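Structures incoming, each one as structure tokens.
Heads up, the next two complexes both have subunit A, just with different partners, subunit B and then subunit C.
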Partner chain A sequence: MSHQVVPVKVYAAIFGALLALTATTVAVSKLELGEYNFIVAMTIAVIKGTLVVMFFMDVRRASSMTKLFIGAGFFWLAILLVFLLSDYLSRGWLLNIHWL
Partner chain B sequence: MNATLPFAQTETPINYLNADYGWKSWLFATDHKRIALLYLFSITAFFFVGGAFAVAMRINLLTPEGIFSHDTYNKLFTMHGIIMVFFFLVPSIPATLGNFLVPMMIGARDLAFPRINLLSWYIYIVGGIFTLTAVFQGGVDTGWTFYAPFSSSYSNTHVILAALGIFVSGFSSILTGLNFIVTIHKMRAPGMTWNRLPLFIWGHYATSLIQVLGTPVIAITMVLLGLERVLHAGIFDPTLGGDPILFQHLFWFYSHPAVYIMILPGMAVISEIVACFSRKAIFGYGFVAYSSIAIAVFSFIVWGHHLFVSGQSMYASMVFSFFSFLVAIPSAIKVFNWTATMYKGSISYETPMLYAFGFMGLFTIGGLTGLFLATMAIDVHVTDTYFVIAHFHYVMVGGMVMAYMGGIHFWFPKISGRLYPEGWAKFAALLVFAGFNLTFFPQFILGYQGMPRRYAHYPPEFQVLNVMSTAGASILALGYLIPMIYLAWAWRYGPKSPQNPWNAKGLEWEQSPTPPPTFNFEHQPVVTEPAYNYSGEEQEVKLG
Partner chain C sequence: MADSEAILAPQEPELRHHFDDSAQQLEASTLGMWVFLVTEVMFFGGMFGAYIVYRNMYPEAFASTSHFMNVTIGAINTGVLIFSSFTMVLAVRSAQLRQKKALIAFLILTLILGCVFLSLKYVEYHEKWVDHHIPGPGFQYADPRYFHQAQILFYLYFAMTGMHAIHMIVGAGLLITLIVMAARNRFSSGWYTPVEMIGLYWHFVDIVWIFLFPLLYLIGHTQ
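Take a look at the complex of A and B:
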């Protein structure tokens, strides 16, 4: 498998984007957006993570098998989060059902 | 036995054992077989250290008033659990038999990353040193589960050292899993398609997935525990703003799948043994292969059954209970298929097969009592009682250790080039089976009657069953010591083994000398038949 050399300017651009997004995160944290503070911060974090995975880890040109394993990793993280939240978000749901 | 051999063999061929004798050739070895032996000796040492703590506990429980203080007893069961789980059971079969056999079974010269393989052993040893240091400094008293906030805020013992040992040794587990996944994907011999892989390989592949995906979570959980203990970060301790149930979620997200890290390689060994000593192909190869993957996947969505009485929501408990029942299906498929394999087979009763029989019976009891615990109403009654202790020892010791012993005996001729004394081995296998049941079956009754785990003292009415359990433990200990002696003896003085003493199928037996040369095969093996082709027929097995 041949590896193409990624131009330095691509890395520099991604690095710049990550710095800009970090600055955005800090700036947004100063605003009073209520629960949207959290949503904005997490959205920016996901975008930054995607940039790192796609460009610094060069997954956009990786084989299907590599992509499958990375997808599996995120799927496993999703399992952890979804089932964790299935507890935290459902506390008290069934408390008022007397026949249970 | 042929009494008239044509030529006396005067010179031993070069193999991985006699290729070099210096200490550097072992401590800097990149040969997967030598690294497997490094692991074998290390985990055996940890097994006996962990076993010593168990002996001390059983002696304490001979009488209701015990001989140790509560604090000492807390440390005994904690160190027993930590050492047995993280330093014996998790690495046991993958790091020893898996390391030795995965490349040989797929027709490769070594694992994909030999140096990383050696690194994993060093990491394991460093982790072990941290944990043993905690032992020698006075031990840890949190239980192997490290539940917060006791572990993070209140325990006065060496929690950080022990947690650091687990954190470090986890990387050893990840590296071994990574190595296996890449090796199985990339280094199979010509003709070794996925459909022809021995089930030992499928089992190790599934195990490796859990190791790679699950272990980072326990590592980060230990880091969070350390952050709270040292910096009072407020993650798990309610008085600092944390949530203790979050610790249990994160801990069991790894530690329940870890049960399958322990048992899947055991199942992998049993598949090989049952096929060989029944002289038949495994019944339903595809089902057994895919059930390993199914167990690996399901293993990650059942952890909440450890939290039924911890304050977890009722809805989440119902979901986790449902999935816990589901995991019984692939496990049962395996047991039924091994049984069906033996049906009309030409069964012989050599030692590995005795251990396989033991595994099937004891694992089935362990698995079925797991269904009791997945049922919320029963679990509330028996939570934190000896019923739970008996259940997981039936899986871990009755299942996993039986498989480990069976595997060690099955491949001992391949590993050492020698034959072990069959009579002694059968005697020890029967001792292990009898001793095990006498130790742990009474604990089911004790638990059902309400004796809680982790208590140094107990009411007098529980004494008879506890005496039975301790008596069984002494028999079990003897059953483990005897193989240590005769295997050590056979390694040096046992009769030389022919290449394939069991007439087993598989590249490691049929196409590699015994003991194997450094690079396993004299010629590149080419696979032309399905696995377990004991009937000699050229029938291809289709998956799915």
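Take a look at the complex of A and C:
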């Protein structure tokens, strides 16, 4: 783990980017984009979250072991959400199959 | 490695005997903190999962409730929380450079911003209370079609933002502890692991809000 001190302007740039993305997500939410509202809002949230994890939490300089643990954590979260939705979103689909 | 030893003092009294050096000790702390944060990801993940399921079940009811969310306060609070993450990271930086005054100043600033967030949260909750939007026997809703479904969504709103607010209160307590430790020169030797670990926690709570804000306040607003 290297612990060189990061210049303030790097943190300030990330801070500015996070504020700009917040303003963007609020502005986009006022537009009628149908289902793209959800996609845009979540994409911006993921970008913001990644910036915080990589720069403020300094994961970009963390050890491979720490990165593996974090990756495993989010992979398990993905399992939770994907399997949950594969159940709820597909309910009732079989009712439309008449040859069964 | 060579860089880390330049900043972490080699003579530090905080180095435990079962670690080779302070870099390894810090790495162990970081890994342990992340294991805890991963359990927190799973904990909030369960609530996000419940939210997604109900949002898919009752999209019309959800769209009608989103008009009662205070987007202005939500957006201001997002900015406040991002600002507090910025001051937290500057506090960690001051600890690395052993600037005691700057460390205490940034920790206090982070604490104040956390309190601003909680105060605005109180204003929002009070608004919901006045409007009878708290799920339960006193619940009232403008659109009778969604009387029951809206309660589920307000319940999720209070569960998720409430759990987030509890994490903020815990974080405020941890910050006070850090301020006291810093004032007592606990970090003067160059050992600042608690500052860095509580920093990770504070940023994690920020990330939870980064996802809560669009999901609860923004989506469905135009429908």
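Criterion: the second predicted complex is superposed on the first by the 92 of 100 C-alpha atoms of A that agree within 3 Å, B and C clash if a C-alpha of one lies under 4 Å from a C-alpha of the other, contacts with A are read in each partner's own complex, and residues count from 1 in each chain.
Criterion: a residue touches a chain if its C-beta (ideal position, glycine included) is under 8 Å from a C-beta of that chain, and two chains touch if they have at least 3 such contacts.
Treat the numbers as computed from the prediction; the structure is a model and nothing was measured.
Partners subunit B and subunit C, once the complexes are superposed on subunit A, run into each other and clash. By the touch criterion stated above, A:Leu84 is placed in contact with subunit B and with subunit C alike. By the document's definition of touching, of the two partners only subunit C reaches A:Met57; subunit B does not. In the superposition on chain A, contact of A:Ile39 is made with neither subunit B nor subunit C. In the superposition on chain A, A:Val26 contacts subunit C only, with no contact to subunit B. Put subunit B and subunit C next to each other and count what each touches on subunit A; the higher total goes to C.
Contacts of A:Ala13 after superposition on the shared chain: neither subunit B nor subunit C is touched. Look at A:Ala72: by the touch rule set out above, it reaches both subunit B and subunit C. In the overlay built on the shared chain, the residue A:Leu94 is in contact with subunit B alone; subunit C does not reach it.
The single stretch of subunit B with clashing C-alpha atoms against subunit C, selected from 5-13, 185-193 or 239-247, is 239-247. Looking at subunit A, you'll find residues 65, 72-73, 76, 80, 84, 88 touch subunit B in one structure and subunit C in the other.
Per the touch definition, subunit A reaches subunit B in the complex via residues 65, 72-73, 76, 79-80, 83-84, 86-88, 90-95, 100. If you check the complex, the residues on subunit B that touch subunit A are 185, 209, 213-214, 217, 245-246, 249, 253, 300-301, 303-304, 307, 312-316, 319-320.
By the touch rule above, subunit C contacts subunit A in their complex via residues 1, 3-4, 7-8, 23, 26-27, 30-31, 34-35, 37-38, 41-42, 45-46, 48-49, 52-53, 56-57, 71, 75, 78-79, 82-83, 85-86, 88-90, 93, 96-97, 199-200, 203-204, 206-207, 210-211, 213-215, 218-222. For subunit A in complex with subunit C, the residues that touch the partner chain are 1-6, 8, 11-12, 14-15, 18-19, 22, 25-26, 29-33, 37-38, 41-42, 44-45, 48-49, 52-53, 55-57, 62-63, 65-66, 69-70, 72-74, 76-77, 80-81, 84-85, 88-89.
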